[in-house]
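Across the two complexes that follow, chain A remains constant while its partner is chain B and subsequently chain C.
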Partner chain A sequence: MSVIECNGLTKVYGGTKALNNLSFKIEENKITGLIGRNGAGKTTLLKIIAGLIKETAGELKVFSEKPFNSLQVSANVIFLHDQMNLPTALNLKELLETAASFYPNWDRELADRLLDYFSLNPLQHYNGLSKGMKSTFNMILGLSARVPLTLFDEPTSGMDAAVRKDFYRALLKDYIAYPRTIIISSHHLNEIEDLLEDILLVKEGKELHHMPVADLKEWAIGLQGNTAVIGEWTKNKEVIYTKSIGIDQSYVVVRNHFTETEGQRARNAGIDITPVTASDLCVYLTSKTKGGIDDVFNKG
Partner chain B sequence: MLFNLDGTKPIYIQLSEWLENEILNGNFESDQKIYSQYQLAEIFNINPATAAKGLNILADEQILYKKRGLGMFVVNSAKEMILAKRKNQTLKRLVQEIVLEAGRLQVSKEELIEMIKTADIGEAEK
Partner chain C sequence: MSLTKVSLTNVVKKQYVYKLKAYSQVFMSLIFLQLLAVFFSLNGVGGMAGGDESIDVEVKYFSSDYVTAFTMLWGFITAILITTKAYRNDDFVFVTNRVSSNLSNAVFLLTASFIGGITAMLSSYLLKVIIYYFISDVPIKSTTILEAPLELLLGIFSTFLYIFLFCALGYLVGTLVQISKAFTVLLPAAFFGGLILDGLRGKSGAIAYVFEFFFTESSLPLFIVKIIVSAGLLFSGAFVLSNRLEVRA
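Showing the complex of A and B:
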């Protein structure tokens, strides 16, 4: 069953298309990573899914309903981001108690234990928290609500390395115990890729790729060696990234269409074949030029 | 983290190799139930779908067999199958690499064979 169905979704902000004819489906009980560069439209997409803003054109359905002004969607979705508008009059403890009355599956014990574990003072107010502590509190809200669709927008921003690690583990443990659909947008793909089942890569408001993370790792390979030899081998291949090293060496990332024997022949010709990490590949795929930042400095 | 996450090998392949080692080390006997995908997900902090993929590699190679609703179990000849597979695949690939590097370094065949003969096998030798 698809939890989210999106067809030709477009959102225009003052003449700029934040989302441009985006189409995809998210299936039930999967953890999907929403990956893209700054300004790719990740937050806009999550806002539309949560029903906070309306699309300009196209259609998006969550649980077969349009999310904007839908009680059904609000009750079954929680959206955590770094601009949460929580009541300033309530302290953390009261916020959790209030949240409990909104979500039928709310786990009060989990919320209290997490609050205690991360040493958040229950009497403090949300606005008085540091950036990392705000993110930590958002995570507690998101996990304890246990709603069918959880949306995390940059959940780890401001968190230190230890808290991030704890967060990933907590998310996975709760997901194993209570499977549900989760979307996480993050810039730390290398940190979250093991948690993910699928990845949705967006670039300039369009869907670039939607596939299992495991496939992404084998999707492309890096070739390194003599520039002339590499040029010969990559002639008819789909080149994703290229970089020259030293005088006559290059590193080129291509689609992985190599067979076992072809790979062996390339190695015999003196080419080093290496896998490309998912996080590097996403950087290459979402970059505007094939040479990356080096192109800016190459005037000649 | 117990796995090498730098991307040199997909996690599910590392997982299937880890499970093979568990069987080789005798931690799992024939017809014994192996870890479930959820146990593996919890141990290694990975998505259960990834863990299932690792288990399925071994099921496809018939090193594990499925019992409906009960999980996956180790087949009788699992150890022999893993050893044969590693010899045919992993060892062959490593030898290929050694020969290639020897060629680059202009090491002769005889020299290379001598190096292999005198290599210290340590405790692995029986």
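Showing the complex of A and C:
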């Protein structure tokens, strides 16, 4: 069963298209990473899925229903982001109690234990928390609610490295015990790639790739060697990224269409073949130019 | 994970309970405003004085009219307040849609008006006590609760309805402002412009007529119908207008 079905989704904000004809499907009980640059439309997409904003054109269905103004979707989706507006009059404990009253699967014990583990004072108010602690509290809300579709938008923003690690581990443990559909948008792909099953890569409001992480890791390879030799080898290949190293050395990332023998011949010609990490590949794929920031400084 | 089924009434109920707790600040402002109004009333709301060489007569009227007026204003402002982003977006953290959010707001305002109505009416007793002990030793002619319990109940009920009417008006005004910030200028301009225009023409216009329509009704059933229908219309207007509002930070 598809949890989310999206067809030609477009959202226009004052003239610019935050989402531009986006189409994809997300299956049940998978952890999907929503990856893209700043302004690629990740948050907009999550907001539409959560029913906070309405699409301009196209169709999006969550649990076979349009999310905007749907009580069923709202009851089965929780959306955590760093601009959450929580009632200021309630302290953390009261906020958790309120959440418990709304979500039938709420795990009170887990919430209390997490709150205790991350040393959050139950009598404190959400607005008095630091950025990282707010994110930590959001995560507690998201995990304890145990709703069929959990959306995390930049869940680790502001968290320190230790808390980030704890978060990934907590998420995985709870997911294994209670499988559910989770979408995480994050800039730290290298940290979460072991957690993810699928990756949805968006660029300028469009779907670039939607595939399992394992496939993405094999999707491209990096070639390094003499510029002239590399140029010869990559002539008819799909070049994703190029970088010059030193005077006549370059590093080029191409689509992985190499066969075993081809790879051997390349190595014999003095080319180093290295795998490209999913994280790096996503950066290359979502970049506007083939040369990255170097192009800005190379005036010639 | 299996899907949860929810009903509108169930969600509205939960939201109402949560709002009573989360919006508790509005009751603090109610107490503050009513105390302020009691303070203003200590000088009397009206009176006359006269006499000759051997006698001085001073007549002062004390009433809780100020308190009631302040409470109506409080209802209006509270209703505007809960339509603002800070409060509206709170709902969207938990389970909600726009209909349930509006309905629970309406029920909350109904409760708030009721509490406001009771405290406004009871404030007249506070006023009497303060005047007796601190201002004048002259006992004030007044009816006790036991003498005329029905009058007090009637007073509470009609005050409650007036406050609720103001809440409904405030809710619509607040919703309009949420739709476009232009209304923050347009609505006061229309209201005060209308008053000034009426003053210049020397005739009573629409605003005066509206006041007359609600505040001079002598038949209780008719008064109840007027308020319920008007508040219903104001709320439905707000519901329809806000049903497409997006949640933006």
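Just so it is clear, the second predicted complex is superposed on the first by the 300 of 300 C-alpha atoms of A that agree within 3 Å, B and C clash if a C-alpha of one lies under 4 Å from a C-alpha of the other, contacts with A are read in each partner's own complex, and residues count from 1 in each chain.
Definition applied: a contact is a pair of C-beta atoms (placed from the backbone, for glycine too) under 8 Å apart; a residue touches a chain by one contact, two chains touch by 3 or more.
Just so you know, these numbers come straight off a predicted model, no measurement behind them.
Superposition of the two structures on chain A leaves chain B and chain C fitting side by side, clash-free.
By the touch criterion defined above, A:Ile31 lies against chain B but remains apart from chain C after alignment on the C-alpha atoms of chain A.
By the document's definition of touching, of the two partners only chain C reaches A:Lys54; chain B does not. After overlaying the two complexes on the shared chain, residue contacts for A:Ala214 are found with chain B alone; chain C is out of touch. The superposition-derived angle at chain A (between chain B and chain C) is 150°, Cα centres, a multiple of 10. Residue contacts after overlaying the shared chain place A:Gln72 against chain C, while chain B stays out of touching range.
Between chain B and chain C, C contacts the larger number of chain A residues.
In the superposition on chain A, A:Leu129 makes contact with neither chain B nor chain C. Of the two partner chains, neither chain B nor chain C is touched by A:Ile273.
Closest C-alpha contact of chain B with chain C, superposed model: 17 Å. Residues of chain A that touch chain B in their complex: 30-31, 168-169, 172-173, 176, 190, 194-197, 212-214, 217-218, 264, 267-268, 274-280. Residues 5-12, 38, 41-42, 44-50, 53, 96, 100 of chain B are the ones that touch chain A when the two sit in their complex. For chain C in complex with chain A, the residues that touch the partner chain are 1-6, 8, 11, 14, 17-18, 21-25, 85-86, 89-90, 92-100, 243-244, 246-249.
Interface of chain A with chain C (complex): residues 29, 47, 50-54, 63, 69-72, 74-76, 83-90, 94, 98-99, 101-105, 146-148, 178-180.
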